[in-house]
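Shared between the two complexes below is chain A, which has chain B as its partner in the first and chain C in the second.
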Partner chain A sequence: MTRTNLNRFGTLIAFVLLCVGFSIAAPQAFASPANVFNLVQQMATLAIVATAATLVMTISEFDLSVGFSASLAAVICFVLFGQGYDVWLAVPAALLAGLAGGAANGVLVARFGIPSFVATLALGTILSGFAFGLSGGQSLFQSVPDTFKALARGEVLGIPVLGFWIVGVLGVAAFVLTQTEFGRRLKAIGGNAQAARLAGLPIMRDVIVTFAIAGGLSALAGLLLAARLGSVQHTMGEPLLLPAYAAVFIGTTASPTGAPTVAGTLLGVAITGVMVNGMTIVGVEPFVQKIMTGGIILVAVLLRRVGRAK
Partner chain B sequence: MLELRGISRRFGATHALDDVSLALSEGEVLGLVGPNGAGKSTLIKIVAGADQPDAGEILIDGKPVQFHSAHDAYAAGIRVIHQDAPLVPGFDTVENCYLGRHYPRRAGLIDRRAMREAIAEVAADIAPDLDLDLPVMFLPPAERQFVRLLRAIADKGRLLILDEPTAALPAEDAERFYEVLRRTRERGTAIVLVSHRLDEIADFCGRAVVIRDGRIVARFGTGEVKPEAMIAAMGGSTTERSTRATDTTAPRIIELDGVTAGDLSRAASLHVHAGEVMALYGLAGSGRSSLLNAIWGAIPSTGAMRLEGAAYAPRSPRDAIARGVSCVPADRHRSGLFLDQDLVFNKTLPLLSTYRRARGLPVPDTMAEHAEFLVAAERVSLTYRDPQQLARTLSGGNQQKLIFSRWANRHSRVMLLDEPTEGVDVMAKATIKEIIRTIAADGNAVLVSTSDRDEALELGDRIAVFRNGGIVRIFSRAEASAEALSAAAQSREAA
Partner chain C sequence: MHKTIAVLGLAAALALGVSSVALAAGEKVSVITPYLAATATGEMIEAFKAKAAEYQWTVDVVDTAGDMGAFASRVEDATTSGANAIVLVSVDPAQIQDQVDKAKAASIPVVTIDGAKNAATALNVTSDNYVLGETMTKFLFEQLGGKGNIVRFFHSAHPGVHQREIALDDALKANAEIKQVGEHYVQVPGQIDDSRSAMDALLLANPGDGAINAVWAAWDEPGIGANLAIEAAGRKGIIIAGIDGNPQAIELIKGCTAYVGTVRQGFGEMANIAADQLNAILAGGPPEKDELFAPVELITRDSLGVTCN
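For the complex of A and B:
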């Protein structure tokens, strides 16, 4: 195997080694069907938020509002349930809020030229204010319809429903990025925005659409999380932000030019998911888990840089 | 203080420099002029230690030295000042002058006062009006040039090499810049000035050398430095000129009436016939690139444009493409290429929707893209290994051909080319010129913007000369000559 291949597949190999290691350390608990089922369920929300981050990073921007959008969508949905609206109204309304928030991010970035880091942090903070206000700071769990819970619970053919969500959402995102004109344009904008503009690409529209999709996906992830847990707190999406970007960064180590890809991101989600799950099973203390997870991100990116420098 | 003896440098079979000798003493200003590709930049690199000569010696204060790196030359007091050398925008002049140097310390802390005093002392000599405490981002471009000068001198610079220092400056700012440079010279600093603005060389330099094809072909001493003489010395190259006269009966493809845009501050009017190449010649910032960008829809413009007789007001490059206008922008790395994407991606991007798998389905057919890439690559004589290789891995000339290939499969009514042969080797240059002629011969209108006079003469059926944001004159083939073009682009009246 050549050096380039080692670089490219190094991350994948690391993932396999990780799985093998935990399987040996805890053969009963880690490799059991029940745990794999559980792992997939735990990974789903993060995978979808990380996909949103992947799209935005493809155009070389950041969206720091993903977690806040997820919280707000879940809160809107549950508040509507509380007022007696059914799933068919509450879910689309929540998704629409996510899309609108994302589109607003896109307008701030593309139309007004505000750096995405700042724009999405500010708008995300505003969204979190709405989530706080709508929920009244309370945990919401009343009158949740069973049809809603079914979105994230249970199984079909022995596979958790959330597994289908991962395949569906990431599959579509991967197709859009690799096969469509839109995906091609996003890579062009991310690679060289000035050249993309001079090549006649509709940059402003594409950037706004990308942020809108990211907002919509974040909202979807928030809803699925709420459906799985059966309750909502106004801060529940926030812990998704950092792991989502960690997953994207780990994923970029698996691409030849260091560009974000959906497949790479899924690998990143899987690595961080398996790390946390495996270490918990083996009995590693939570604080050590955090240190290890941070360390693995650094090691992955460092190895990548060393490989690229040659 | 500096002496060069018999410096030669070869790249393969070409002599970039051939037996170049010159000397410079303290407080003296030497003008270095020559056409593009004459060897000026190689010479600068060698003096600055960035490149090593194959033969010859460099002497500093009469002692032979060997520069193995830019660091060695820096230690000897040699400073090359590029017009776009980076400054930290948020730092003030004092902080910028201390970049990369040891800070004076007092009690372990950075001694701001000592820093400021050291810089203020030099500044008082050369640029007393410069505000040392303002972040440089708030300084006008001319004063940023002062900061670069100040930085070079304050850190014991003894020989300054200035590469086109006024290219980006309007005329009145250039005056101020030379005022500062004059005072710098009076401090005993030796200066080499490289410029295409020959009147500035004539005003400012005691002596000048003209370099062409790697050799010094003329030396001018005190009182002899005249633009006309330098132009004559430079213009001896055997430029192959197109012999076709403009066919004025051919339809006018594009017409501009009183257009202003960007640097083009004075209303410009011109038209280009079918099958004609119109060269736009002038210094950087003279308005020629802005004219192209206006036609391309990349910058807002005023005035009226007509394309094939119909009103034409592109609001974006997208509009321009839809009307059959194509463009190869200047500065391919910044404005043209996607370096980390493959060749096919780079070729098909602007017209991607013409490769759909099915009508109305925005999914490109990669087989069709591949096939068209092969045809286009052949047409522009692209040398490549693999259609999937990254654009980054191509040579400069092939990168430029890659951008040309974008438009090779369609009938462009108007082709806009901004500095199409910049930074491209001789062979690729010839191919690119051939491509340009073929495009025109197919009955299209071609506009080529260039700072290279020989190229303007060689390609242009007519040549519009730009100066200070406007067209000064449009030459027909019969009227155009190297001297006439230079005189029109350089002369200062009406500035």
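For the complex of A and C:
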């Protein structure tokens, strides 16, 4: 293996070593089919939110509202269930809310020039207020149809349903980014927005569409999380934000250019998911888990910077 | 190349580290909570660990810091890892029904402490939260002489806390001369700081003497935060009551601050009951009942023998 390949695949090899380490430490539990099944389920919502973050980072922006969008979509859906509406109305309504919130982020950034860090944080906070108000601050878990729960539970051909969501969503996102003109435009905007503008690319439209897609994906992740748990809390999506960006950053270490990619993000999600799952199974103390998880993210990003500086 | 070596080294160190984790002999019990940062939850878990040590169980404690998705995942991990029992603390198992059902299907008994009854769990040990709220509210209203303005610090996402809020709602309906002039939904974790900030704002919004006469805190930590704000503002004539018997709250009661009362939940007692019942369950027997209540105790200046001028 050449030095270039070693550099490129180092993160992947590290992931494999993690799996080997946990398999040695807990051979009956970690490496069992049941745990692989669990891991896929546990990673799905994070993978989808991280994909939303990847799209936005491709245009060199940040979306800090992803967790809030996820929460709001889930709350809207469950409130509608509580009022007697069925899945076919509640789910589209929740997804539309996510798309609308994301589009509003895009308008604030592209039309009004507000830095995405500020715009998405502000709008996300507004969304969290709506989620709080709609839920009354209570945990909602009544009147949830089985058809909704089925979106994130069970298996098909031995593969967890959530695994199909990962493949579907990330597959489409990867295809769009690598194989379509829209994807190439996003990379151009992320690489040099000024040059893209001078080249006549529809920057404002593309930025708004990208944020809208990110909002829609976040809403989808919130719905799948709610379907998996069977309950909703108005803050349930917020813990997804930091791990999502951590996964994207880890993923960039596997990218030859250091740019975010869907495949790299999936690797980042897998590394964070395996670490938490594995350490829980082998009984690592909670404080050690946090130190090691934060440590590996930091090391990965630092190494990326060192690598790019060379 | 250096990058690769470093990443590989880190992974190898982790692999070696986790490989060296030795599993002690005895039953393996996974204790999982989203609220370890809360003092009461921590107290329950420490008491449970102490009791578990007597039974020579190996206890793994997992905290998901308010993240319910991670909470569900960790319950799945405990099930997969073949824990002999799972103990959920300060959470309603209905919020993760699918995961609890899977644990039951795997014949792993699930016990909740400070949770709620559930068909898939073997036992819930708690206080009667409505009684806790009712006891504290009655005391607070008596201290006000049946008349005055209160502010409410609450957190309805916790099923037990919500029951206390219902007790307050019922008491407000029955006491027309007591008005609620403000409320704050407490953020967890960070509840003391959050409550202090909220009380700062409530005091500014209600500046007159007698505009606020009392703080109703659904548990002690928001009350402690409110007390900090009241002291900083130098406001007089406001009293605070909470629930849990938090040691810091008891010190504030002893110190003749605005904090005048708390209702102690028997957290240690709850954990002890849960451990004893779990021991019976692990021995193949049933629990005494599917829900058991620990006793409650009202703690005031009088009960502590404190005289304040």
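Things worth noting here:
Following the convention adopted for this analysis, the second predicted complex is superposed on the first by the 310 of 310 C-alpha atoms of A that agree within 3 Å, B and C clash if a C-alpha of one lies under 4 Å from a C-alpha of the other, contacts with A are read in each partner's own complex, and residues count from 1 in each chain.
Rule of thumb we're sticking to: contacts are C-beta pairs under 8 Å (C-beta built on N, C-alpha and C of every residue); 3 or more make two chains touch, one makes a residue touch a chain.
Fair warning: this is a prediction, and the values are worked out from it, not measured in the lab.
Because the two structures share chain A, they can be overlaid on it, and in that overlay chain B and chain C fit beside each other without clashing. Of the two partner chains placed by the overlay, only chain C lies in contact with A:Arg228; chain B stays clear of it. More residues of chain A are in touch with C than with the other of chain B and chain C.
Once the two complexes are overlaid on the shared chain, A:Gln179 sits against chain B while remaining clear of chain C.
In the superposition on chain A, A:Ser32 makes contact with chain C only, not with chain B. For the three-chain arrangement built by superposition, the Cα-centre angle with chain A at its corner and chain B and chain C at its ends equals 130°, in steps of 10. Contacts of A:Gly191 after superposition on the shared chain: chain B is touched, whereas chain C is not. When the two structures are aligned on the shared chain, A:Pro202 is found in touch with chain B, with no touch to chain C. Legend: residue contacts after superposition of the two complexes on their common chain; A:Ala263 is shown touching neither chain B nor chain C. Least inter-chain distance for chain B and chain C in the combined superposition, rounded to the nearest angstrom, is 21, based on C-alpha atoms. When both complexes are aligned on chain A by C-alpha atoms, no chain A residue touches chain B in the first and chain C in the second. The touching residues of chain B, when paired with chain A in their complex, are 296, 298, 316-318, 320-321, 327, 329, 334-341, 345, 349-350, 352-353, 356, 362-364, 390, 406.
Chain contact summary for the complex, chain A toward chain C: residues 3, 6-7, 10-11, 13-15, 17-18, 20-22, 24-26, 28-29, 32, 34-35, 38, 41-42, 45, 132, 136-139, 141, 149, 153, 225, 228-231, 233-236, 239-240, 253, 275-286, 292, 295-296, 299-300, 303-304, 306-307. Partner chain A is touched in their complex by these residues of chain C: 1-4, 6-8, 10-12, 14-19, 21, 23, 36, 58, 60-70, 72-74, 76-78, 80-82, 92, 94-99, 154-157, 159, 162, 185. Against chain B, in their complex, chain A makes its touches with residues 179-182, 184-185, 187-188, 191-192, 194-202, 257, 259.
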